[in-house]
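Shared chain: chain A. Partners: chain B in the first complex, chain C in the second.
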Partner chain A sequence: MHSYPTVRASLIFVAVAVVGLLFADIAITASNPWRDLGNFFLGVVTPNFFSSEGLLTALLRTVAFAFVGVALGSFFGFLLALVYRLLPVRIFCAFIRAIHELFWALIFLQFFGFHPLTGVLAIAIPYSGIFAKVYSEILEEADPEPRRLLPPGTGMVAAFLYTRIPDCWEQLRTYTAYRLECGLRSSAILGFVGLPTLGFYLEASFSQGFYSDAGAMLILFYVLIATIPLWVRPKLLPVYILAAPFFLGEGLPIVWGNVERFFTEDIIPAPLRSGEGLAGMVPWLGDLMVNEALPGIWNTVLLTQIALVATGILALLAFPLISNHFGGPVRRTSGHVFLVIARSTPEYILAYILLQLWGPSMLPAVVALALHNGGIIGHLIGRQTNTLRLRPDAPTGFNRYTWELVPRVYRSFLAFLFYRWEIIMRETAILGILGIYTLGFYVDSAIQNIRFDRAMVLILITALLNIGVDALGRYIRRKLALQTMPTC
Partner chain B sequence: MSGFDLSGLKASFGGERVLGPLSLRVREGEKVALVGKSGAGKSTLIRLIHEQVGRNSSLVPQDLGLVNALPVFHNVFMGQLDKHSTWYNTLTLIRPFAADRAAVKDLMNKLGLAEKLWIPTASLSGGQRQRVAIARAIYRNENLLLADEPVSALDGPRAHQVMALLRDRFATSVIALHDVELALQYCNRIVGIQDGLVELDEPSDRLSSSDIMSLY
Partner chain C sequence: MALNLIRKFVASSLLFMTAASASAETFVFTAIPDEDETKLVERFRGVADYLSEQLDVDVRYIPVKSYAAAVSAFRNNQVQLAWFGGLSGVQARRLVPGSEAIAQGVEDEAFQTYFIANTSTGIEPAQEFAELEDQLRGKTFTFGSKGSTSGRLMPEFHIRETFNEAPEDFFARVGFSGNHTRTLRLVEAGTYEVGALNFQVWEKELENGNIDTNAVQVIWETPAYPDYQWTIRGDVNERFGDGFKARVKEALLALDDKELLESFPRSGFIPASNDDYEPIRKTAEEIGILD
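Let's look at the complex of A and B:
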């Protein structure tokens, strides 16, 4: 077994995570974490839907921001996908999608303020980059034969519309629908930086200890996501997209002076602004690297590696919950509910809740990342096992799990896990805003101290780190000959 | 006891009867060949017998059911998973015990695949994969063999070698075969299936290949 490249790669990653645990700050620091957790669950089972009219408005805003952001992202992403062959386009897309929605929001907040444009762009920009990449992959996989059989002289547009789009339509549609679900999650967490979506409402209820209000919000959010197939209908889509911009709220007007100042003063590195010139840049950058960037990178990488392995372990433990090779319908239904809740809750919200309950350390972040991502991967490979037909004399119980199922799904499990590596790192960085010392923490502090020049450099470093991990993940997947679908 | 006596065997597909109702009694020591056109119901009959006699049989299904990601050794060892404890099986998955290695290697020597013992079955040819499935059935070590076209992907001499091995290793067997010569040579009772019913049931020494050809 040890000679298998997939097994060896897994063992290396586990070893790195175990060593990482020695350096990580894993602890429960709250004085009474279990009572708080109990109170929170009590709040979830006794939701209060009528405490304020703000809840429904927040829900409406969440949907509106998601629709406008994803629609714009999908439109520009499609245009970019058409020219995705060009290297500059690829680099540009990799860069904009390497910066998390919340970072984009933090940047736009500095000059657009609490204008709806901030939230819309924070979703639309990174989503354009993601759509461009995935759309181009889908278009590339279209069968080239029909195009070769067209009459010579057929125009490019006609050829594209007749031979490419029909072949890919189903996949494009499925992926866009999946991204809309992600968009709802992104939109919800934009509330944590002050936009009028669900996250804002959740933070407000939580900080005052109104657990029943927070419970109501979470339940409404799950219902919203679980009922997507019911209320997102092809015929209603144009209505939603046209109506959504009118439900974003007024926000505050843009002060154009701020925009100008942001680009001409705020983000210019301090030494250049004060006229010290390039000579002043070296100590400035050195200080930034040693005191902020390097500790941030260290903690981000550490937390990412631990969370990645925890995600994998959880996914492997969770997939039998929905696999029809085990147990009865009752267990499978509860398994489905557990996995839907795990993957529908944005990791940021999970981490926020656990941080409130357990106190600040890396533990809430690891658990949140593992629950959310493990839920997604567990759901995908659980569904994959349902397509397997075993021999009539196949072993049962734990032997069936270890001998028949895990060996068959292990490669796709690894493919999904390495695909999500970059996503886990993006989230790890952003969780710093909640007070864990990853890169997001240093970005947030720099912004709090009105040192946007430092914040921009740190965001740039975060983006480069994500691009690096993405490339490494792709290299490993190619090396192990793992294939994956983009819908993960 | 490795014989069985089953009656009322029947199967429908999409509301249409594809097999039976029929009865089949096989005594210990009988080696039954099921012959007949493809689609006559041979595979369905094997499946029904397996459902009835349960786990006290060694099975070679037509689609083999190998775990492609696992090496040959593990695919063969799987035949005895229910005879060991879970922790023993799980340890074997990580690192097989010496006694099992020797036993499986010895068996694979007889099937001419010993040098492939640690290779994932995904990278084997069709005939090699078929021999792995046969090895699992032999390793299971039951007295009754239920096999569906176990040698269809093997060349002439190899097919004879495997059929002889199966004849010697199992007291009783029911084997679906499309090769009439093999059926006559290695089985002592021929059951011909036509349109889901038993059309012929004779000891093989009373039949010649032309008698069987009428079924096709």
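Let's look at the complex of A and C:
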């Protein structure tokens, strides 16, 4: 069994995570975490929908930012997808999607300030990079046959529109709709850095212990996501997209001088700005690397590896909840509800909640990442098992799980997991803003001290780390010959 | 019909764009988010109404999520006036030449940080910080916000000066709670064993009966230093008319609404100057927060 490459790869990853656990800071430091958790759940079951007059506006803004950001991202992503075979385009796209929405928002906040453009671009830019990649993958897989049947002399555009698009339309549509859901999550968490979306009020209620208010916001958010099929209709889409820009709020006016200042002064490394020249750069960079970048990278990688394995374990444990090979309708319905909640809650919000309740360590982050990502993968794998037909005399219960189902879905399970590796790392870095010592912590500290030069270097390092993991993930997937399907 | 719709859209999008220039006439201010947000919004809406009445212009308060966001908004001229802490004020004035500290609270001339501990640690209050060395070493500790004067700068300064070690080496775990109220709650709940906060927040919460004194107590009070102040941009006169800065200052100094002052909590505002905050600048440079 150990000779199976997939098993060997899995064991190596588990071993790395176990060793990582020895170095990681895993603890519950709150003296009464269960009471706090109890209070929180009490809040969720006694929601107060009338806490803030701004709540409905915030919900509207959340939707508006998501629509505008995703629409722009999908438009530019599609254009980029057409030229995706060019190496510079691929590098550019890998770079812009390696930087998390919140980092983009933090950057734009420094010169656009609280203008709607900050939130729109924070979503649109990384999403363009993601759309470009996935759209190009989808377009590539289109059947080349119809194209060959066209008479010679058919224009490129016509050929593209009539032979490629119809073949992949369904996939393009499904994926875009799926990203809209992701966009709602991104939009909501932008509130944590001050944009007028749901996260703004969620953070305020939570930090003050108003759990009933926070519960109401979470419930509204779940309802919003769960009802997407009802209110996002193809016919209504143009209306939404045209109307959304008018509901972003007006924010504060942009002062264009700030943009120039940011690029010509703020982000120039301090030694260059003060005229010390390259000689001053060495100690500056050295200090930054030793005291911030390296500890940040170490913690980010450590947390990512632990969270990745925890995600895998949770996904394997969770998929039977919705698989119709087990249990009755009651169990499956509650399984669905659990997985929908787990995957609809952004990691950032989950980590924030758990940090408040358990105190600061890597544990809340690991649990949050595992719940969210495990929820997504568990859902996909569970659905896949529903298409499997077993022999009538196949074993039941535990034996069915271990001997029939897991071996059958294990390859796609690994594919999903390695696909999400980079996504988990992106999130791990950003969770530093909440006080876990990953790269985001140092980025946030640099921004809090108004040292954007340092922040930019750290963001660049974060991006490079993500690109590296993305490449490694792809390499392993290819090595193990794992098929992937794009997910959020 | 469709044409009509398009026309409406174009008209409203033009409106959307001009909204920006129209609001340029509004005098906007912000404040560092050092306490619970609900309290801040209540407090500063009151101030906005008061200033609007006194200055005869539209005054708007915008809440922000971090100290740095307050400084950036001030620097970017999206706000013209701000209620800063000592450190954020120094940062802001250094970034905006010509900006001025115009008023501070009566209490801000001699502000203090309280170190507080959960009673389960058994740490007893002391007169000298050095006496607490053995008891504090290896405990978990939380600052307030990373950019706070009373919650970060001064406590870090005293930790380094007294114990000759960086906080993260001296304590087992160092966190940043985000604001003073949260520091209080976290130490009270035992999530962190020790914390440092703004003494005014402690006193006010104590007076309002919001502190479980069986769970948390003050263990050391720092020497006094200057803190919060109102800082205004140097270019407001050009935008809002001659003498505008002086009028804002006058209005702030004349503020005598008991309830509003109580919400800060300050007994009144007195004149301040940039030089008053030199000690803060030096301290910040010493511990490496300012270049």
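In this text, the second predicted complex is superposed on the first by the 486 of 488 C-alpha atoms of A that agree within 3 Å, B and C clash if a C-alpha of one lies under 4 Å from a C-alpha of the other, contacts with A are read in each partner's own complex, and residues count from 1 in each chain.
Simple rule for what comes next: a residue touches a chain if its C-beta (ideal position, glycine included) is under 8 Å from a C-beta of that chain, and two chains touch if they have at least 3 such contacts.
Here the structure is a predicted model, which means the values were calculated and not measured.
**Q** Kindly say whether there is room for both chain B and chain C on chain A in the superposition, answering fit or clash.
**A** Overlaying the two structures gives chain B and chain C room side by side.
**Q** Which partner chains sit in contact with A:W403 here, chain B, chain C, both or neither? Use first/second/both/neither.
**A** first
**Q** For A:P395, is the partner it touches chain B (first), chain C (second), both, or none of the two (neither)?
**A** first
**Q** Report the partner of chain A that touches more of its residues: chain B or chain C.
**A** Comparing chain B with chain C, the partner touching more chain A residues is C.
**Q** Here's one for you: vertex at chain A, rays to chain B and chain C, all C-alpha centres; what's the angle to the nearest 10 degrees?
**A** After fitting both complexes on chain A, the angle is 150 degrees.
**Q** Touching A:S3 in the superposition: chain B (first), chain C (second), both, neither?
**A** First partner only, chain B.
**Q** So in the superposed three-chain picture, is A:G209 touching just chain B, just chain C, both, or none of them (first/second/both/neither)?
**A** second
**Q** Mind working out whether A:R411 is in touch with chain B, chain C, both or neither, as first, second, both or neither?
**A** The first partner, chain B, only.
**Q** For A:I450, decide between first (touching chain B), second (touching chain C), both and neither.
**A** second
**Q** Can A:F50 be said to touch chain B (first), chain C (second), both, or neither?
**A** A:F50: touches no partner chain.
**Q** Please give the nearest C-alpha separation between chain B and chain C in the three-chain superposition, to the whole Å.
**A** 42
**Q** Could you tell me which stretches of chain A are touched by chain B in one complex and by chain C in the other?
**A** No residue of chain A touches both chain B and chain C.
**Q** Mind listing the chain C positions that touch chain A in their complex?
**A** Contacts found on chain C: 9, 12-13, 16, 19-21, 23-24, 28, 36-38, 62, 64-69, 71-73, 75-79, 91, 95, 118, 120, 140, 145-147, 173, 175-176, 178-179, 181-182, 185-186, 189-192, 289-291.
**Q** Of all residues in chain B, which touch chain A in the complex?
**A** For this pair, the touching residues of chain B are 47, 50-51, 55, 57, 59, 61, 65, 67-70, 74, 78, 81-82, 86, 89-90, 93-95, 118, 120.
**Q** What part of chain A is in contact with chain C in the complex they form?
**A** 25, 29-32, 36, 109-111, 113-114, 192-194, 200, 203-204, 207-209, 242, 245-246, 250, 252-255, 258, 270, 359-361, 435, 444-445, 447-451
**Q** Name, in rising order, each residue of chain A that touches chain B in their complex.
**A** 1, 3-4, 390-395, 397-399, 402-404, 407-408, 410-411
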